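Heads up, the next two complexes both have chain A, just with different partners, chain B and then chain C.
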Partner chain A sequence: MTEPLLAVENLCVDFATRSGPVRVLNDVSFTLAPGETLGIVGESGCGKSMTSLAVMGLVPRPNGRIASGRILFRGEDLVRAPARRMRQIRGAAISMIFQEPMTSLNPIFTVGRQIAEAIRLHEDVSKAEVRNRVVDVLGRVGIPDPARRADEYPHQLSGGMRQRVMIAMALVCRPQILIADEPTTALDVTVQAQILDLILRLQQEENTAVILISHDMGVISQVSDRVMVMYAGRAIEKGPCRDVVEASAHPYTRGLIACIPDIDRTERMAESDRLPTIPGIVPDLRALGETCAFAPRCALADAACEAWKVAPIRLDDAHVAACRKAARGIVA
Partner chain B sequence: MKQKLFFAVVLVCSVVVLNFFLIRLAPGDPAMTLAGQAGGADAETLEEIRRTYGLDRPLAEQFFVYAGKILTGDLGTSYYFNLPVSGLILERLFPTLLLVLSSLVISVGLGTFLGVLAARNPRGPLSYIVTAVALGGYSVPTFWLGQMLILAFAWYVPIFPVDGMAGLRVRGGLNQIVDVAWHLVLPALTLGVAFMAQYSRVSRAAMLEVLDSDYIRTARAKGASEPAVLFVHGLRNAILPVITLVGLQLGQILSGAVLVETVFNWPGLGRLALDSILRRDYPTILGILLASAVVVVVINLATEAIYRSADPRLRSGGRH
Partner chain C sequence: MARDPAFHPPKSPFVEAMAIFLGNRAAMAGLIILAVVILASLIGPSLYGVDPKATVNAPFLPPMEDVASPMGTDYIGRDVLAGILSGGPATIMIGTSAALVAVLIGITLGALAGYYGGLIDTILMRFTEFFQVLPALLFAMVLMTLFTPSLRVTIIGIGLVMWPPTARLARAEFMKLRNMDYVRAERAMGARDRRIIWRVILPNAMPPLIAAAALVVGVSILFEAGLSFLGLGDPNIRSWGEMIGSNRDYIFDCPWAVFFPGIAIFLTVLGVSLVGDGLNDAMNPRFRER
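Let's turn to the complex of A and B:
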C-alpha cells in the first residue's frame, strides 16, 4: 500500500460539560489514500462530524479539545500544527462541505464573493483571474449562467444550488482531501443523487480523496471504497466497502444494513409492513466506560460482553471490528 | 420607500399641529414674560404686545397663520431675540449635529467594538468588564458624568477646555478645526458613553448569535483568519440590529444633547430650546421642535436606507 495521504491515529476528543469532561471521540484511527473514498457512517452523535472537524482543526473551542492522538497529513501532524499553518491547509489542501446548504453561506455576500474569498486566502492571483475562476468553477458544478449567478446572494438560490456553490467553494483551490459531512441530507431526494454524482465526478477529475459522512448506510455503501462505522465515539467496524456491507462482523453494522430500505425486501415482509429497526437509543456518552457501548442494545450480547474491554479485532488484512463475538465467528 | 416618505411627511405635519396646541396648553403667558423683561406690565402694554404678535386672535386663526408661514419656510420671529427663528436655528443646528454625530460615532463605534470583543469569549473577564462598564454608562446620569469629566479632565488634569465650542483667539483654517475638535471631546464623550452601553450590549448579543451560525464555520473552514471571521463575516451580520437601534435611539440622543449642551455651554439647539422654554418664546420653541422632528425623521429614513443596503435579503428579488 502506498503512503496514506491522511492517517488518523488513536484520536481522542474531549468535551467539557457541566458534569465533567465527556469523551466524544475515543481512540479513532483510519487512513485515507489519494483518490480514495472513505465512508463514515453512524447515528447522530456517534462522532462522525467531530472526526471531520478534528481533521479540519475546527473542534469547537473552548469546550472541545483534542486530548490525544495524531492526525498525519502527508506526514505532518495537524494536531500540533500552529494556527497559522492550519489556516493555510484549511480550504486549500483539505476542504469541507457541510450539511446545511441553507445556512452555510453568508447571507450578506454574493456567492461569487464567497468563492473568491476562498481563492484569495490561499493564492496570490489578480482580480480578473479570480473572477474567471469563480465563474469557471460555478459552471463546473453545474450552475447554469454562472456569470450571472456569481453576483446573486444565497437567498436567491435554491437549496440544491447552494450546495453546488458550497462544493464549488470547497473545490476551487483543488484540495487533496474533500470532507463531505452529510452533503445531501438536507436536500430533496431528486437533488440528492445529482449532488452525490457531482461530488464523485469532480473527485475523479481531480483525483481528490473524499471522506463522505452520512447516517445513511445506503448512500455510503454505493459510493465508498472503504467504510468506517462509528458508534458512541468509537470506530466499531472498518474495512473495504464490500466486506463491511456483505460480511458485516459487528451486530450494529448489520443493524444499519438491515435498515436500508429495499423495494424487493419490503414486498417480502409485507405482513409486518415495517422496516427493521435497532432497538434502544444511542447511549449517554457520559456513562460510558471501556466496555462495549452497544451491548445494552445488542441481541447477541451475553454476560461476558458486559465485562469485555473493547478492542479492535482483526478479521483479515483490512477488515477490523470491535466485537468480541466477531473473533469467534459467532456473528459471521 | 415611497410609502415611507409619505408617512415621514405626515409625521412631520402631525408634529407641527401637536406642538402648536400643546405648547399653548402649558402654563405661562409670553406677553407677561416679554413685558416683564421690558420693565413694566400694565394692562395696556400687555394688550399692545398681544396685538403685535397676534396673540389676541382666536387659536385656530393663529394656527393657520403659523402653518401657512411654515409652508413658505418662515418659522416666525423670536419674541426674545427679535430675529427670524430660521436664522437662529440654522446657526445652532451645526453645533448640535456635530455633537450628536460625533457621540453617535463614539457610541456605535466603540460600543460595537467592545461588544464584538466580549462576544469572542462570552464567559471571559473582558466580557464581564464590558457588561459592567455598559451597565455603569447606562445608569449614570448624563449631566453628572459631564460634570465629573469636566472636574477630571479640565480642572484636576487640565487637558481639555471647560466649556464652549471654540477658543476666543483661534480664527480660521486648520487651527479652528482642531480647536473645535478639542472642545468637542468631553461633551461628545459624555453623550456617547451613555449610549455606547446599549450598543455594546446589543452587538454582543447579536455577535454571539452570529458566531454560532453555520456560515461562520464555513468561513473558518475556508481558512479565513480570526479577525476576518469576526469583523468581516461576523460583524457585517451582527451590525443589522445595531443599525435598527440607531434609528430608534436617535430621538433620545437628541434630547440627551440638551443636557450635555447645558453642562458644557455648547452653543447648540438644545440650549436654545431650554432657554426659549424658560422665556416662553413660542416661535423659537416651535421652530426647534420642528427642526428636531425633521432631523429625526431624516436620519430614520437614512437608517432605513443603510439597513437595506446592508442586508441584501431586504432588497427585491429574493425568493424567501
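Let's turn to the complex of A and C:
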C-alpha cells in the first residue's frame, strides 16, 4: 500500500470537567488514502465530530486537548504543527463542511463574498480571477445562475442551496481531504441524496479524500469505501464497507445496521412490527475504564466481557473489531 | 386578487430595521428635534451674525425687551441666542467625539474579553469593573484638573469614564457570537483570530452596539455640560454647559441666561435618546414581533 494521505495514530483527546478529566477520544487510529471515502458512524457523543475537529486542529480550547497520539498528514504531524501552519492547512489542504447550513454562513455578507474570502485567505489572486472562480465553483456545485446567486445573501437561499454553498466554500481551494460532518442531517431526504451525489461527484473529479461523518448507517453504507464505527470515544469496528455492513463483527455495529429501515426485509418487520432498537443509553464517559463500554447494553455480553480489557482484534487483513466474542467467532 | 400587505417577499435585515425605525413615532420626533438642532447650529450663527463672546448689549437684559437680543443678555451683556447657536456645534462635537472614544475603547476591550474568554476575559473585566466603580463625574473632574482643560482633554476625559457599559455589551455579544456555526466555519477555512474578531464577529455584533453608542452620545453631552458648569471645561469654547456655568452666580438676576442653554441641552439629549431608543428597538431582534 502506498503511503496514506492521512494517518491518525492512537489519538486520545481529553476534556477537563469539574469532576476531573474525561477521555472523549480513546486510542483512535485510522488511515485515509487519496480519493477514498471513510465513513465514521456512531451515536451522539461517541466522538465522531471530535475526531474531525482534532484533525482540523480545532479541539475546543482551553478545556479540551489532544492528550496523546499523532495525526500524520502526508507524514507531517499536525498535533505538533504550529498555529500558523495549521491555518495554512485548514481550508486549503483539509476543508470541512458542517451540519447546519442554515447557520454556518455569515448572515450579513453575500455568499459570493464569503467564498471569495475563502480563496483570498490562502491564495494571492486578482479580484477578477477570484470572481471567476467563485462563479465557477458555484456552478460546479449545481447552483443555477451562479453569477446572480453569488450576490445573494444566505437568507435568500434554501437549506439545500446553502449546503451547496458550504461545499463550494470547502472545495474552492481544491483540498486533498474534505471532512463532511453530518452534511445531510439537516436536509430533506430528497435533498440529502442530491448533496451526497454532489460530494461524491466532486470527489471523483478532484480525487479528494472524504471523511463522511454521520449517525445514519444507511447513508454511510451507501457511499463509503471503508467504515469506522465509534462508541464512547473508541473505534470499535473498522474495515471495508462491505465487511462491516454485511459481516459485522461487533454487536453494536449489528445493532446499528438492524436499525436501518429496509423495505426488502419485510419478513423481519412482520415478526415484530417494529424497527429494532439498541436497548439502553450511551454510557457516562467519566465512568469508563479499560473494559468494553458496550457490555452493559450488549445482549451477548457475559461475565468475562466485564473483565476483558478492550483491544482491537484483527479478523482479516483490513477488518478489525474491538469485541472479545468476535475473536472466537461467537458473533459471526 | 386582493392585495395583502402582509404578503410580500422577504426584505433584507437592513431594510426591515429601517422600516421599524421609520415607523417609530418617538424616534421620528427625536430625529426631527436633532435635525432642527443641527440645522440651527450649522446655519444659525452666520444667519444671526452676532458675536457670542462679545458684549453687545446692556447686561441682564431680559428676553424680548430689545429685538436685537430676543433671548436677552447675560451678566456681561453677551447675547444668549448667539451663544446658543454657536454653542450647538461645540456641544454636539464634544458629545459625539467623547462617545466615539468611549465606544472604541469599549468595543476593543469587550471584543477581546468576549472572544478569548478565560484569563484575558478575567483581567479585562476586572479592569473594566475598576473603571465602572469609580464615581464617573468625580473621576472626570480629577482628569480635567490634572490636565489643562482643552477640547481634546474634555473629549478624552469623558470618553474614559463612559466606556465600561459598552465594553460589557460588546463582550456579551462576542461571547454569544463566537460559538456561532459561521464563526466555526470561518476558523475551519483557516482564518486567523484577528480576522474573525474584526471582520466576522464585529459586523454581526454592530446593531446593539450602534444603538448603545447613540445613547452614549446623549450622556456625553450631559457630562460635558456638567463639567463646564463646574468650570472644568475649556474656557475658550462657548458650549451650552459653559454658558450655564458662567452665569450660575447670577441665576436670580438673569435666569434666562441659564434657562435657554438648559432647554437646548434638554432638547438635544432628548432627541439623541429617542433616536437611540428607536435604533435599539429596530436593530434588536428581541423587540421585534414576528
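Quick note on the criterion: the second predicted complex is superposed on the first by the 328 of 332 C-alpha atoms of A that agree within 3 Å, B and C clash if a C-alpha of one lies under 4 Å from a C-alpha of the other, contacts with A are read in each partner's own complex, and residues count from 1 in each chain.
In this text, contacts are C-beta pairs under 8 Å (C-beta built on N, C-alpha and C of every residue); 3 or more make two chains touch, one makes a residue touch a chain.
Predicted model, so just to flag it, every value in this text is computed and none were measured.
Bringing the complexes onto one copy of chain A puts chain B in a clash with chain C. In the superposition on chain A, no contact is made by A:Ala249 with either chain B or chain C. By the touch criterion stated above, A:Val24 is placed in contact with neither chain B nor chain C. Once chain A of one complex is fitted onto chain A of the other, the partner contacts of A:Gly91 extend to both chain B and chain C. By the touch criterion stated above, A:Val134 is placed in contact with neither chain B nor chain C.
Once the two complexes are overlaid on the shared chain, A:Cys46 sits clear of chain B and of chain C alike. Between chain B and chain C, the overlap after aligning on chain A sits in one stretch of 21-29, 39-47, 57-65 or 147-155, namely 147-155.
In the superposition on chain A, chain A positions 56, 58, 62, 87-92, 95-96, 98, 100, 103-109, 117-118, 121-122, 153, 155-156, 166, 169 are in contact with chain B in one complex as well as with chain C in the other.
Interface residues of chain A, counted against chain C in their complex, comprise 56, 58, 62, 86-92, 95-96, 98, 100, 103-109, 117-118, 121-122, 153, 155-156, 166, 169.
Of all residues in chain C, those touching chain A in their complex are 10, 12-13, 118, 180-182, 184-192, 195, 200, 203-204.
Only residues 56, 58, 62, 87-92, 95-96, 98, 100, 103-110, 117-118, 121-122, 153, 155-158, 166, 169 of chain A touch chain B when the two sit together in their complex.
Of all residues in chain B, only 121, 213-215, 217-225, 233, 236-237, 310-313, 317-320 touch chain A in the complex they form.
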